[in-house]
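Presented sequentially are two complexes of subunit A, the first with subunit B as partner and the second with subunit C.
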Partner chain A sequence: MIMNKYTLYGGTLAFGIFAPILFPAYVSQITVLWLMVVFALTWDIMGGQMGYNSLGNILFFGVGMYVCAIVQVGLHYDVAEYTAFSGAVQVHFTTSQYFSGLILGTIAAAFVSSLVAVVFGWIVFGLRGPYFAIGTLGVAIAAGELMGAWDYVGGGGGMSLPGFPGESDGSAFFYVIMFTLAVATFLFLRWLYASRFSLAINAIRDDEEKAEGMGIQTNRYKTVAWSISAFFLGISGAIFGNMTGFIEPLEVAFPTVTFGIFMVLMALLGGKGTLWGPVIGAILFHIIKEITWTYLLGWQWVALGALIVVNVVFFQQGIVGWVQEKWPEKFGIEVDEQLGIEEDSQTETAK
Partner chain B sequence: MRLFERIIMLDNISLLGMAPFLNVQLLLDGLLIGSLFALSAYGLALVWGVMNVKNLAQGDFVIMGGYIAVVFARNGIHPIIALPIAAIVMFAFGWLLYITIIKRVIERDLFTSLLATFGIAIVLAQGLNLAFGPDVQVAESGFKTLVLFDGNVTVSQAKLVAFGLAAILAIGLVTFMKKSRMGQAIRATSQDARAAKVMGIDTEKVYAFTFSLNAAICGAAGVLIAMVWVIQPFFGITHSIRSFVIVTAAGFGNLPGVIIAGLGLGAMEQFSGFILGAEFQQATVVGVLIGVLIWRQVQQHKHRQVVQ
Partner chain C sequence: MSNQIEVSGVSKSYGGVVANHNVSMAVPEGGITALIGPNGSGKTTLFNSIVGYHPIDSGSIKFEGQEISDLRVQQIARLGLLRTFQQTRIYGKMNCVQNMLISVPHRNASFADMFKKYPPEITERAEHLLEFVGLYSKRKLISGNLSFGQQKLLEFAMALMNEPKVLLLDEPTAGINPTLINGLIDRLKLANTEFGITLFVIEHNMRVVMNLADNIYCLAHGEMLAHGTPNEIQNDQSVIDAYLGAH
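The block that comes next holds the complex of A and B.
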């Protein structure tokens, strides 16, 4: 297993580094692949490890995107004027202006998203089970609608972001950043899931009342977990907004029915509540999606919905969960034959 | 620009103050539409209360019923005749959905049914989009518009007819639940599924019937909505959220509550649509949902303090 683990890490790293060199035509697709990995990993903090299935995590992606855009533009221009005359007035950002804006914007995006998570956590964490899922879905939909009505950031028409300085379109730059983000998220979560924190949030998943009875400050843990996932989602939003160069509330920033659902589906497909599950699910889902999307001609959404149903109803443990059930000894899980009950595999492999 | 919009908003509010008939108009429109919301919300309360399935495809059932009416209207058949047919078709569709999917999610955790029905909702909405296109459609009913209060308030006859039909359906449903064997079995199962089983009720059949009945109610509500309002493949999610708002506010097994919440939501949407503008309609529904959830939480908080 140890051997296996290092080949897995090495293989992923090698793919991440050499893929853009080997397949230069697919750089943007592979960048989105790493974005998907971030989505699935951050969703799993809540959905998999803590048992709070949010349908509205995309909120933080959009918030990060808009915060970064406002900071980037606002450092040098008046944002309201910028959006009002978008396209009509040529604005120019020098290289240093661009990068300082991007760095500050990304930092601001991460922290504002976390802050939003704390504030919304206060509202929605009293909700349990389905109410939580519907409440978060509602918050995300409302955020998109309200953003579309806010003229300061261009309303429904959206706003264009500063262009990447120099000759290139910056795809290689954004690739490196997104890949680094995905790796950083993974490593952070690997560390987090090995700490006491993961025991606490797993306890919340298994039985929140008992966890509370044991003296775990459930609300504090829930808020921290949500702001961690918001932190990384905010950064990913800031980067993705700059990558596409144009942001708009419904399709790019708060795509509840596309990215917002993909993140749930990817984590479930790979196996929720495991460290590698979301990564595997994201890679598999993205490859399937990129290959089939162009050939399905409008049926892709029907296929997506059907995939959700099949995944949830017939294959809820996901790929990693299924492998764990099949070969528990490879994951260091001991099956007590006498009891005939498998141990809860999820907490074991999280380490 | 912002200031300008704000002035319009204030203007709209003061307009309501100056013209009392406008209030009557909005209230009447809202209540008439709200009765249809209450109908599909009652279906959701039924499914939620009896089999603990949170059906996010509720709104898409409504839209499906609406498209059945549209198809009939195109072929020259009146929507009211389409109403029972849509109910029967949707009943069969609900049964089919039950034996293929829903049956497998009843015993599972809360999120499974929510996500599975969300998947169904996506399939239905996108399927309808492929079949009928994304345009807004109406089932032509040929009813006239009534004029009240010296022309200050207008009511379309179609809305009154729809309201009447919704009321008849609701009374029929209540009678069915109270008097018929199946209705009694449904109520028994919702009280205690295990005890019902012991008493010889085939709970499996009760679940299947409940889910199909819900689909049929939604189909009927959809026909009426297509008749008095507009339908579009992607309006389903808004209808689903409306049903959730109403059920969350009213609770299950509380028919008067569902009716009042439905009528209230309809009226609230009309007023906010007038004051804020029609593009805020979805945001209003979602805002009300969040408001209801927060209100429930405050209630629970109070309850907890009392327990402490």
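The block that comes next holds the complex of A and C.
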């Protein structure tokens, strides 16, 4: 297992570092791959580890994107005036203006998204099971529509972001940032899942009423879990917005039916409730998606649907979950085949 | 002996069904108190009222002199008043030691405590308690795979891990095979004497009740029918009538 673990870490890191050099034509696709990893990892905090299947996590992605955009533009111009041009007028940002705006905007995106998670959680944490899923989905869809009606940020027409300074389009820069974010999210969660936090949210997943009965501050854990998820999603939104260069509410910032659902699928595919599951699920999903979009165009959604059906019907526990079930001893899980037999013998002696 | 829990005049109805009517009782500190009564007599409802699972319609419930009837489940649990469930409840996808670790008292847990690791002495204590209930050899197993009886023992160990002042046990011996019952009675008594935990037990098994409790309350049709020592209850005609269905 230790061998496997280092292969996994080394392999992923090596891929992350060398892939853009080896396949320069695919840099933006691989950047999106790391975004997918962030999506799956952050979704799994709630959906996998805590058992709260949120369909509205995309909200924090969009909020982060818009907050960053507003800060970037607002630092140097009047946002309303800027968006009124609808991108028709090129506004020039100097290199230092660009990077200071990007850094401050990303920080603001992270914290505002977390704050939104706290407030939003306060409203929807009363819902359980499927009601929570539908409630969060509703909020995410509503957020997209509301944003589309808000003229200050350009409404449904969206707004263009400051262009990357210099000659390049910044794809290498955004690749590095997105890859770093994915690694940071992973390492943070690895640390988090080694603390009592993971046991507490697992306990909430297994039996929330029991957890309450044992005195665990369930609301505190739920709120913090969601804000952590929102924190990283906010950053990813900020980066992705800048990478795209143009943001609008429905397709880019709050794409509920694409990115919003992909997060769930990737975590399920890889194995929810595990650390590596979402990472593996995201990589596999993204590769399958890119291949079908390239070679099965027109049928890509059908192929994706088939994948979902196979996943849900045959591999409910996901890839990592399946492997864990097959070879539990490699994951430090002990299984007692004697269990049933021993119980019988106790009954025997009782007679 | 002072009273640790004082229930006075508690009533609770579900729609038109009166589950508890004007129930008053007291659990003395350091003792083992039992609550008996035929099926549907309102025992579990009274338990749920005490630990805050639902608001009561009227009356008062005091824990160590403090009114707790308007507190929430978690707050009451953190005061040191803990209950186990009739349908055993454990964290089924976690192993036994993890179940124990997450059951540490959350009384003074600060915000930063959420991200700490467990010090080795807590793991040691968890393993020691698993040894105490006889589950040490199963400590690394996923708890959901244990037998029902073993899950009950685990739930009991988890309750001890929480260091409660009073432990409310809802039918601790239901579904456990007869040999394990004797062991469980011994452990309950030990928890009472060694760990100093006041016990308040709902139990149907009369042999267990008479063996264990020093103080018995009997509920029937949602009202308190009788109160006394095991001997008094055994010879109380109204209790016998309630169980045999006379009116």
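Basically, the second predicted complex is superposed on the first by the 338 of 351 C-alpha atoms of A that agree within 3 Å, B and C clash if a C-alpha of one lies under 4 Å from a C-alpha of the other, contacts with A are read in each partner's own complex, and residues count from 1 in each chain.
Throughout what follows, a residue touches a chain if its C-beta (ideal position, glycine included) is under 8 Å from a C-beta of that chain, and two chains touch if they have at least 3 such contacts.
If you're wondering where the values come from, they're calculated on a predicted model, not measured in any experiment.
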{"item": "Touched partner set for A:196, first subunit B, second subunit C, both or neither", "value": "second"}
{"item": "Touched partner set for A:301, first subunit B, second subunit C, both or neither", "value": "first"}
{"item": "Which superposed partner A:206 touches (first subunit B, second subunit C, both, neither)", "value": "second"}
{"item": "First (subunit B), second (subunit C), both or neither touched by A:217", "value": "second"}
{"item": "Touched partner set for A:81, first subunit B, second subunit C, both or neither", "value": "neither"}
{"item": "Subunit B versus subunit C as contact partner of A:257, first or second or both or neither", "value": "first"}
{"item": "Subunit A - residues contacting subunit C, complex", "value": "192, 194-197, 199-200, 202-203, 205-207, 209-218, 220-221, 224, 273, 333-336, 339-340, 343, 346-347, 349-350"}
{"item": "Residue ranges of subunit B touching subunit A (in the complex, touch as defined)", "value": "1-2, 54, 56, 101, 104-105, 108, 110-116, 118-124, 126-127, 129-130, 237, 241, 244, 248, 279-280, 282-283, 286-287, 289-290, 293-294, 296-297, 300-301"}
{"item": "Touching residues on subunit C, where the partner in the complex is subunit A", "value": "51, 73-74, 77-78, 82-83, 85, 89-95, 98, 101-103, 105-107, 109, 111, 113-118, 138, 140-142, 145-147, 149, 158, 162, 177-180"}
{"item": "In the complex with subunit B, residue positions of subunit A that touch it", "value": "53, 55, 84, 123-124, 126-127, 129-131, 133-135, 138-139, 141-142, 145-146, 148-149, 151-152, 257, 261, 264, 268, 298-299, 301-302, 304-309, 311-314, 316"}
